[in-house]
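Got a structure for you, written out below as structure tokens; questions coming shortly.
A, B and C label the chains in the order they appear, each numbered from 1.
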Amino acid sequence: MEWFAKSLEKVREKRPLVQNITNFVVMNTTANALLAIGAAPVMAHAQNELEDMLKIADSLVINIGTLDDNWLNSMEKAVKLAKALGKNTVLDPVGAGATKLRTETSLKLIEYGDIAVLRGNFGEIAALLGEHGKTRGVDSAIYEEDKAKTLVLTAAKEFDTVVVITGPVDYVSDGKKSYAIYNGHEMLGRVTGTGCMVSALIGAFVAVEEPLKAAVSALVSFGIVAEKAYEEAKYPGSFHVKLYDWLYKIDVDLINKMGKVTEIGP
Amino acid sequence: MEWFAKSLEKVREKRPLVQNITNFVVMNTTANALLAIGAAPVMAHAQNELEDMLKIADSLVINIGTLDDNWLNSMEKAVKLAKALGKNTVLDPVGAGATKLRTETSLKLIEYGDIAVLRGNFGEIAALLGEHGKTRGVDSAIYEEDKAKTLVLTAAKEFDTVVVITGPVDYVSDGKKSYAIYNGHEMLGRVTGTGCMVSALIGAFVAVEEPLKAAVSALVSFGIVAEKAYEEAKYPGSFHVKLYDWLYKIDVDLINKMGKVTEIGP
Amino acid sequence: MEWFAKSLEKVREKRPLVQNITNFVVMNTTANALLAIGAAPVMAHAQNELEDMLKIADSLVINIGTLDDNWLNSMEKAVKLAKALGKNTVLDPVGAGATKLRTETSLKLIEYGDIAVLRGNFGEIAALLGEHGKTRGVDSAIYEEDKAKTLVLTAAKEFDTVVVITGPVDYVSDGKKSYAIYNGHEMLGRVTGTGCMVSALIGAFVAVEEPLKAAVSALVSFGIVAEKAYEEAKYPGSFHVKLYDWLYKIDVDLINKMGKVTEIGP
């Protein structure tokens, strides 16, 4: 069995409770993705219940889309609590680079917390490294395969964490090892929150696996899910529905058969 | 005709306006469920419009998922207004037992309002009776059929209202009469907000029927909807879509034929 | 080629970035509608990032459903910024007439901003002209075809903007020219946020076309999408899914063939 297939079994055995502070657009989407794959989502942002919730949670996912000052305070408190409680945190810096608020918020959360996995698109991760003007709203304005490969490594070293850059090819690095994942489908770009779904799923995997393995495993699983969904549905509404079906149906055999992961050096 | 089938016809005749203060995860889901069955949903939480909205609404649904202080204040005001205006209120204490905030908020709303129907899972209702540690995030950590039967009666007496505990078997009691509903499907556990959908639907039924009948009728209707949806779709994405289709298609004949309701004594 | 078909090609060429401050119920729905048709949605409401976001956005959509004071302040700031930056703004006065807050908020936003297109149902637009009691929650309590025709013209003159009244027939007027659009399907009334979807889509079209043309083009496109969706799916859950499929599939040929638009004088 491929090592990146094993993690899915662990998720389903443990059924981890994943605490999410995420954006309004994708709350339903990401909760359904977590349920479909076999994890247990909870969404809570009130400062006066974060400690109670994080004590019982297995991991934390922070997604800064639709942020404002009130939610930002909750996010700051949550990453600090997760650090203190030793729960792995995934950060999705939605729209970093598009506005100063989003770039600065992301950097603050990286500083205050102990981020296990940072997942963004090319423009967002570039912005966190000081290269602005590559994010268009919440999308990456550009994607250059060669640069993505370098960028993921630079970011992993800079932020001392596992970094994921999703795009036509997904890259993952912890600064020592890097991987390319070739699964996925471009129809994902026509459904809102599919990047956020990946971040949420990584949240389930970091509850059962060390961060580098967790990120790769989540990416390859979701990429295969997208390919299978597209086999059955060529248009975005139906494709979206099939994503949940395949998050439920995907299994170790399918991952062993379809997973396309390459170690690409440090 | 079974008495629990009659209520659906009343909902469709009246098309009640159901005012919801609910959580971000399920707003779309519950609005669509209400529209599909033939009711009219409205979602409003601003304190300075609650009175206007409740005056034209036929019932109120309060769901405490994703609560915070701001929303809590609106919920308190809304249950008081509904009481003063004589509109039936349904309370869904999402996550009670998982955090102190949620348990205390639920008890406060029960105290301030005049709750017609309180619907939760086993862990949530147990928490409101002082038995903690049985909620895992927003799910029930346990479900014991024998205990659920007792608990629903105890809660109905304690809170002097109709209480619903949903699970593999659903229990409803007003402290004098209790019912078990055997409809439903376990795939509901793989779609977020299906418990919230039931609470919202009860909100439509309490606008046309007294609370005990309303709760039983909503539960049996939604349980059948889930069974029919699963006949057509075995996976969570497609199953979710079919729930709305069947909320629209369900009729009195189907309820008469498929409804499994037993009176189980006080 | 019909002029109202041409606009869709322009949307797909430009892929406009549409900035939305909208309600919690439909955020996912409207983001998916914009993506499906080929635009790029972004949802942001924090006051301290509105300027950054509007500078890169091609248009603004304001939808007042689920408003509260905090969001209202953001909406006010956004319409002022869009005016200063010369970006076209679409306003959806959800629930105007149902509560004083919603009527007054809508009028304030019309006053502070430079609204390019105002889209509501009959009751909402009537309320903005001072005729109350015709909105039931977020639905129009009445729809009278003759009155709608007159009302749209009166509102266009009063607010000096393009006004859209959606209903069984859609009416559009800029005070000088008026159009009736006969596309659409009544099943749209069984899915939440379909009016909001239209407003969001108009947001994509006003980024590539002058407001009157943009509004007609968006309405005829969405109306045809609804007709095609209903051909394939007769129930609300499946119909909803097919809306996104057809927003993706619709093309100029289909609009030329199926579009039913009549100029009805001033």
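Criterion: a contact is a pair of C-beta atoms (placed from the backbone, for glycine too) under 8 Å apart; a residue touches a chain by one contact, two chains touch by 3 or more.
Predicted, not measured: the structure shown is a model, and the values here were computed from it.
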Inset, instruction - Please state whether the interface between chain A and chain C is built from the same residues or different ones, using more than half shared residue numbers as the mark of same. - result: different
Legend entry - Angle of the C-alpha superposing rotation, chain A to chain B, to the nearest 5 degrees: 120
Inset, instruction - Provide the C-alpha centroid distance between chain A and chain C, rounded to the nearest whole angstrom. - result: 33
Legend entry - Sites on chain C at which at least two other chains make contact: 24, 28, 70, 240-241
Legend entry - Of chain A, residues touching chain C in the complex: 23-26, 28-29, 65-70, 95, 98-102, 136-139, 189-193, 235-238, 240-241
Legend entry - Residues of chain C that touch chain A when the two form their complex: 17, 19, 24, 27-28, 31-32, 35-36, 40-49, 52-53, 56-57, 70, 240-249
